[in-house]
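Below, subunit A partners subunit B and then partners subunit C, in two separate complexes.
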Partner chain A sequence: MYDMKKILPGLIIFAGLMTFPIWYNGGDAGTLPKPEKPSNAKECVRPTEYMRTSHMQLLNEFRDTVVRESERGAIKEAGGVTYDDKSLMLGCMKCHVSKKKFCDECHTYAAVKPYCWDCHIQPKETN
Partner chain B sequence: MDSKRRKFLKIAGLGAIAGVTAPMAFNSLLKGEAFASGGHGHEAAEHGSAHKDAVPQGKQYGLVVDVKKFGNQPGLGRKCIHACHSLHNVPDFGNKKDEIKWIWIEKYENAFTEHSHYKRNEELHKMPIMTLCNHCANPPCVRACPTQATFKNKDGIVMMDYHRCIGCRFCMAACPYGARSFNWRSPRGANELGKPFIKRINPDYPTRMRGVVEKCTLCNERLAHGKLPACVEASNGAMVFGDLNDPGSAINKVLSENFTIQRKPSAGTNPSIFYIL
Partner chain C sequence: MKVLYPFIAVLALVALAFVGVKAAGLQYLFGVVIPYMAFAMFLGGFIYKVLHWAKSPVPFRIPTTCGQANSLKFIEQNKLDCPSTFWGVTGRMLLEVFLFRSLFRNSKAEVHDGPKLVYGSSKYLWLFGLIFHYTFLVIVIRHMRLFVGHVPDFLHAIEAGDALFQVGAPLLYQSDLIILLAVGFLFLRRLINANVRYISLPADYFPLFLIFAIAVTGILMRYFLRVDIINIKQLAVGLATFSPVLHGEIGSIFYIHIFLVCALMAYFPFSKLMHMGGVWMSPTRNMANNSRMVRHINPWNDPNIKPHSYADYEDEFREFMTDANIPVEKE
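And then the complex of A and B:
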């Protein structure tokens, strides 16, 4: 191969730069997000595992049933507790009272920017 | 060599003919019809029945506006507008060009352009005509919308799905009543003096964002909880709300007892807002 002396060090430098984030953090994923759980309720409208992975699908489902099919009905599936509204502002955020401590915690970590709050109004942060 | 080419051409030709005719034959068999002309006739028949379907089905909410009552009680119109706009976080951009309106006051000659204004009494010209989305039974905005962001819901309300609106404003061009407003600026913002466009945000109702069209949704969120639309509630009986397709409803009683007119009936939109003059 021609120019082996230039190519090999180049490749090594390239590989080093590309994997920089991994070895710089020593294989550590950083401090994990700890979203604040509501104090007044034990169960959410769906199991925690499902909410963790698929809350966005559920929110879309709520949005579609409420806006397009006018089905605002209560959701009763969580441990006998009746939740009144399929609504972000009037439902979810009544228990999860802080956007900063709940939503943003993971969203910032995962660098996702949902557009919910462009229109919907976040609850007043208490501190 | 020659025989091979001959064979190839034969097979290719047969293949082409089979490829073209087989799906055609298959399709017409599927429809259970004779060949050729059947297809077009079927389509036309389908279209015809869709247009004939004028028998009202399901709910069609509407309003009767008693213009005289609004004329006799100065300030009532403004009260209704305030009730609606403060509830729904409707921004006030402070200029006519950017104006957002869900319900507003129009002059008689502007609201009823199709009616003769010749020698109409002066009183009528001074009357405040409350105008809002007509929630037409045959809404042109819904047909114009490319994303189905505006649609007719099961209560006959012409709904807005702001999640879907791409801000193309076709619906605004299609609406003969000017009932739709576009957010040229962010409603969450403030003017150069720092005065917010929404004076007091109602935390129970979303705002809109820049680049979407908004309009009256006949308070579907209140109806769902068994409440009357905000303007009707604030109107002190000058507006009557109800289901136009329910023969026993209060609104049908009012309609049967009074002479009412609609805005631009010749547009063929079947507006659901009626006016007692």
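And then the complex of A and C:
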């Protein structure tokens, strides 16, 4: 081996960068999110699977239809319950009352920072 | 054929992951076993390759001299293009690694009517190469949010920068569009430019197709065929803490995506992609042109063979030389 004084530190830096998640976590996987389920309803406006993966697309759709086409129609659900208002604060948050206990749980875990609250006024929450 | 075979190979990888997960139910294999193996191959193979290269001595200075060498005091040296000091080499290497300075010099030759040979500057390869590499870097870094339990601020900052324009939800990453554009350019360059097409091999097309497929599956997963990010992060953090858990249903597009990434990682150390390590070890770039200041001794010289100067040689053979009428310096 030649030039190991230069190559070895280089390789160590490389291995350090590549294994960043391993040593940064240090075996600590963090806590899994536990979003608080609403007490007053059993079914959401869409199936749970869809909401888990794609709620942001639905909300985006709501925003576009409400803000750009001023269509604040009701959202019907197969369960027979009618949810009024395509609205985050007047619709979704009627059941999912707490931003902290519902939205933030998963968003913090997945490091997502949705910009809902750039326009909406964040609900005041104690705790 | 040179284009078609690598394309089919990438399609085969996609099909393999899809069938493996969808039909055979090998989620654990594709989600845990193969990623570990691929990462081990990547890291181990990379280090092996670099150490293998380090076994070759480079005793003599062979830098590409692209400017005036260190000479008399009144002749100005080009300190970056023909460095003779450590700091000159450092500057040259940093510009090479971070700004691809050699590619910036890329030129094209064209034959016009006359016949007349015309040389011109060609910066597109440099521009798209640079864009491609930096975009890839941003994409790799922002994926780290899925591998660490507590996401550090700099990852948030990079992600926010990448999604700067706040288009749609989930936010559109600029890097997703740019990497498709850049890979597309690098591919079309090989296809359209006859000179480059002639020298392109399957090994040139395969990584391009593979990276393109990785980007496309990633884009599909983020914007179209949504997947459950929480389950994915649980798996990714589990991999990074050596306690992988497969929890809940994750769409097969995810397994295709990571299988392609695994293929890229496993393929990396044994392919042209090793220019990542190789660029640091290019003797034509990382050596100082100091042959006139420092004596470089060949490490494999036999110490028993003593230097034999011309004066000694003449002393030894003077008689024979004068007999043969060969002129000698000392009578």
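By our rule, the second predicted complex is superposed on the first by the 101 of 127 C-alpha atoms of A that agree within 3 Å, B and C clash if a C-alpha of one lies under 4 Å from a C-alpha of the other, contacts with A are read in each partner's own complex, and residues count from 1 in each chain.
Please note the rule applied: a contact is a pair of C-beta atoms (placed from the backbone, for glycine too) under 8 Å apart; a residue touches a chain by one contact, two chains touch by 3 or more.
Bear in mind the structure is a predicted one, so any value in this text is a computation, not a measurement.
Engineer: Please work out whether A:M18 is in contact with subunit B alone, subunit C alone, both, or neither, and reply first, second, both or neither.
Structural biologist: Second partner only.
Engineer: When the two structures are laid over each other on chain A, which of subunit B and subunit C touches more residues of subunit A?
Structural biologist: Counted on subunit A, the partner with more touching residues turns out to be C.
Engineer: Regarding the shared-chain residue A:P47, is it in contact with subunit B (first), subunit C (second), both, or neither?
Structural biologist: In the superposed model, A:P47 contacts neither subunit B nor subunit C.
Engineer: Regarding the shared-chain residue A:P9, is it in contact with subunit B (first), subunit C (second), both, or neither?
Structural biologist: Neither partner.
Engineer: Check whether A:A29 is in contact with subunit B, with subunit C, with both or with neither, and answer first, second, both or neither.
Structural biologist: After superposing on A, A:A29 lies in contact with subunit C but is clear of subunit B.
Engineer: Using the touch definition from the top, say if A:M89 reaches subunit B (first), subunit C (second), both or neither.
Structural biologist: First partner only.
Engineer: Between subunit B and subunit C, whom does A:M1 touch in the aligned arrangement: first, second, both, or neither?
Structural biologist: After superposing on A, A:M1 lies in contact with subunit C but is clear of subunit B.
Engineer: Looking at the overlay, what does A:R72 touch: subunit B (first), subunit C (second), both, or neither?
Structural biologist: Once the two structures are laid over each other on A, A:R72 reaches subunit B alone.
Engineer: Do any residues of subunit A touch both subunit B and subunit C, and if so, which are they?
Structural biologist: none
Engineer: What residues on subunit B touch subunit A, complex-wise?
Structural biologist: Contacts found on subunit B: 151, 153-155, 159, 161-163, 201, 203-209, 220-221, 224.
Engineer: Would you tell me which residues of subunit C are touching subunit A in their complex?
Structural biologist: 42-43, 46-47, 50-51, 54-58, 144-152, 155-156, 159-160, 166, 168-171, 226-230, 233-234, 236-238, 240-243, 249, 277, 280-281, 299
Engineer: What does subunit A use to touch subunit B in their complex?
Structural biologist: Checking each residue of subunit A against subunit B gives 63, 67-70, 72, 89-90, 118-121, 123-124.
Engineer: Tell me, which parts of subunit A touch subunit C in their complex?
Structural biologist: Touching subunit C: residues 1-4, 7, 10-11, 14-15, 18-22, 24-25, 27-30, 32-33, 49, 52-54, 56-57, 59-60, 106, 109-115 of subunit A.
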